[in-house]
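First, the structure itself, so that you have it in front of you.
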Amino acid sequence: MLKPIFWEQVMKKILFVGTAITVFILFFIIFYILKNGLAVVDMEFLLSSPKDFGRAGGIFPCIVGTIVLSLVAIIIATPLGVGTSIYLSEYTRESKLTSIIRFGTDCLAGIPSIIFGLFGFVLFVVYLGLGWSILSGGLTIAFMILPTIIRTSEEAIKSVPDYYREVSLSLGGTKWQTIVKVVLPSALPGIVTGIILGVARSIEETAIVIFTAGSVLRIPTSLFDSCRTMSVHFYILAREGISMENAYGTATILIITILLINAFAYWLMHRLMAKYS
Amino acid sequence: MEYKIELVNLSVYYGDFHALRNINMQIGAKTITALIGPSGCGKSTMLRTINRINELIDGTRIEGKILIDQKDIYHPKTDILQLRKKAGMVFQRPNCFPLSVYDNITYGPRVHGIKKKAELDEIVEKSLRATWLWDELKEKMKKSALSLSLEYQQRLCIARVLALGSEIILLDEPCSALDPITTLRIEELLVELKKDYTIIIVTHNMQQAARVSNYSGYMLMGELVEVNETSKIFTSPQDKRTEDYITGRFG
Amino acid sequence: MKSRENLIQFGLLIIALSTIVILLLIALFILKEGLPIILRVGIKGFICSTHWSPQQGQFGILAMIIGTAWITAGAILVSLPLSLSCAIYLSEFSTPKVRGTLKPIIELLAGIPSVVYGFMGMVILFPLIRNYLGGAGPSILTASVILGIMILPTITSIAIDSLQAVPHSYREGSLSLGATRWQTIRMVILPAAKTGILSGIILGIGRAVGETMAVIMIAGNSVIIPKSLLDPVRTLTANIALEMNYATGDHRQALFATGIVLFITIIILNIIAHTIARGGVEK
Amino acid sequence: MEDKIIIKDLNLYFDTHHVLKSINLNIKANEILSIIGPANSGKTSFLRTLNRLNDITSAVKISGEILLDGMDIYKKGISLPWLRRKVGMVFALPVPLPRSIFENIVYGPRLNGVTSKDRLEELVEKTLKSAFLWDEVKDRLHTSGTKLSGGQQQRLCIARSLALEPEVILLDEPCSGLDPLSTSKIEEALYELKKQYTIVLVTNNTKQAARVGDNVAFFLMGDMIEYGSSEHIFTVPNDKRTEDYITGRFG
């Protein structure tokens, strides 16, 4: 009768190895990029403009482009996403309509960024005449990150215990008062996490940016200017072999930004959770 | 008299929380013992230390000894799988697996290495008959257990323990999800099973304890306040706290 | 008071419809741009022909479809063993603390930009494959390995969630019958979590089919029918991204038509995932 | 005594499940009506029809009439916030909102547009005194309500519902999680409160119903089996099922 226990031990080891490999890959990627890139990164790299198509100089315009583009995307996507999730979780019972909306959200989440790129290109760049611009790019990216925000906010709102709603209603609150004063504050950590994940997704996006915001290497001065984000810059440097050194440098900044954003989301979630529970 | 189960200076901690305080208790073979007390008093914890299912909870620490058939079940060499086979458990809510009736009952025998169809069939019939389910379910072996009514599911859970070949049955508020008539039927079943098994039942319903058990233990905030023959507990409790509880000053 | 509440509800409804509107707009624009060429060449001529030479007016995307299929299948083969062991280990064998730490870290893998993955394929896998297996480097194999790693977090994270959604009482029930943890996993937990895990895998397939930039960097992009894992191929997504910036006329329409094929594939995958998830609701 | 609430032929369905079956009942002003019965007999659902809190759950269907001071509360055009201010509610689990004691109590009045600081402070003091909590918390009104003990939290919830100056108070097993001491404090508070308010108390504890209730209604599986004065129900019940329940044959 040793057999079942023996098998358990064997399987546990196999599964552990699989887990270890997965975690190792992650750390390897991060370590490898940082090891090669940190040498290039200094204040000058961050704050100066690229020279000679990026062969020399820094990545300042790309940092500005990345920030502005994600800001625009978030400002558009947040009200739409949070509004949708409030509607889905507070105002309707499960019905045909909600299942259609949910299905639409799932589909939107699955659509490849290249399709968003094509769409943004036809609609905003060509049809509405916005050209390759921050506005076209921001709108398109907003559509892409919308499902992320909807899903995380909806989950957060649903996880607010029903008895909070009942207490507020039984104290004579209207539905909207209850949502604003009790539900949203309690769901805030989850909602903010969703928004931050949206920021992370817009920072990493490449295909959409090339198709809708272009890749002009200048500091943008208006929403109608084209811009180049760090991801796009990195892609061009690496794929066209312009400068491996600066590619590593850009990737380092990208990875550090993503790490910081995730860590921040994590920290914020825990802080707010501690405050509201 | 040799005791089937003995708890010796048993203490349980969840992290810093002292859940059971220095419990001493002896339980004889083929009796029904009821544990009563307000919620959070540690009765479920006590039940769950007897087949060591409590270890699933992180940060559980245990002091003292539990002897089953004079053997310390917390001894490092104890075969925990055999222990759980010997002391089967029925939970508060029926927890049939999302498998067929047949697969639910044969689950225990199969994990313990019984593979022959004929042997399994025999076990199924025997344990279903013992729980008065055979006539109703013999045509429904392939049906999902989750499609049965709650009562049948709970009886199936008891049948599952019987199929395992247990000697001890631990029941954790087995009737709390059931209606009065069903409750009475399960109680009758327990009294019947007492002939062959040692049964410990946790219940929040004092009348239930009074109806089915030979012995009752009253617990409060991790302590075993009083244990005695059931009739004595309910007619002449020794401890003021037991009396408070029985007369309904709690909850 | 009442009318204000109604106004709010109406406003939120309009907002909630935005995802549907966006989805329809996308379908509309892609179809409008791409459908004419499909109608002209014929569905069969477009999907079943291997000749892609826009200058000669030949628009067959079979090679790209095959390329996409190979890379996706490879990615799943690479990803499944890792993601499933990871999910099972973290959900069933590790402590909540370890799970709570490692799950976000693995989800972080999803946050690394896809171009960085592609880059890793170029600088790490190309030399390895050149030295030990031959060929130039860009190939189905490279792309499969990298995409497999990219979809790891998607599948792992969904699989962990589905495993964790299996009621704890099943675990208690099984263990209290004297089963080992592995028996519990194999006989109770995995069957109960099956549907969730499957829809996670399908979403992973969707991600692999749709990935663009990383694939361009490592798949080689040749329009050929591959004969070995070391052959370079072009995917549907790469086809669009590579040629879009100089394509005009029929050529441009053909690229949008490629987009239609992608779009429909993704929608079908989503419908499958949805159906599985719904069929799985047994309680 | 006059009737505060009149319930005529009340039926309630959740989807196809018939939860309340043709209930007819009059609740008198300034009485404590206790509602007893085993789990799932519709007690809580009944309570929640009185302030229409069932409406927030989907798929609820209701027929019949509930008259509060002669006005049908299910009539079209009734403002739910208005109704719920008149009919306050205390839940089984104490649920302080995640804010300070002070903020918890003024939450309701603020929603109704009371902004004067003096008025709010006056309300806080008055209601905390009525709930017998003032002395224990007067020095820490601005600490979190979730930091209080279970019994204090429940009294805070009672105070919070009083701050709306309701006419009827619904209590849903308010003592189910509490120790004897907290229970008796709450019972004491209820006894005082009934001078000003009409109180409907759902309880699992028949002895509690006997102690505090003027009248008692016994519910079983959605039917109201019996209604009468406490003495009557607990000494000479008319219905066999009531007797079965009171003597503990259920659950």
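Going by the order they are written in, the chains are A, B, C and D; count residues from 1 in each one.
As a convention for this text, a contact is a pair of C-beta atoms (placed from the backbone, for glycine too) under 8 Å apart; a residue touches a chain by one contact, two chains touch by 3 or more.
According to UniProt, the chain labels map to these proteins: A = Phosphate transport system permease protein PstA; B, D = Phosphate ABC transporter ATP-binding protein; C = Phosphate transport system permease protein.
Just so you know, these numbers come straight off a predicted model, no measurement behind them.
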item: Minimum number of chain-to-chain contact steps, chain B to chain D; value: 1
item: Most contacted chain pair (by C-beta pair count); value: A-C
item: Separation of mean Cα positions, chain C and chain A [Å, integer]; value: 17
item: Cα-centroid distance, chain A relative to chain B, in whole angstrom; value: 50
item: Centroid spacing, where centroids are CA-atom means, of chain B and chain C in whole angstrom; value: 48
item: Shared interface positions of chain B, touching two or more other chains; value: 81-82, 111-112
item: Of all residues in chain C, the ones touching two or more other chains; value: 1, 179-180, 183
item: Residues of chain D touching at least two other chains; value: 81
item: Chain D residues touching chain A - in the complex, by the definition given at the top; value: 51, 53, 56, 58-59, 80-82, 84-85, 88-89, 91, 93, 95, 97-98, 107-108, 111-112, 157, 160-161, 164
item: Complex interface listing, chain D residues touching chain B; value: 38-40, 175-180, 183-184, 204-208, 221, 244-245, 247-251
item: Chain A residues within the chain C interface of the complex; value: 4-5, 7-8, 11-12, 14-19, 21-23, 25-26, 29-30, 32-33, 79-80, 83-84, 86-88, 91, 100-101, 103-108, 110-119, 121-123, 127, 143, 146-147, 150, 174-176, 200-201, 203-207, 210-211, 231, 234-235, 238-239, 247, 251, 254-255, 258-259, 261-262, 266
item: Chain A residues within the chain B interface of the complex; value: 1, 3-5
item: Residue numbers on chain B that touch chain A, as the complex places them; value: 81-82, 111-113
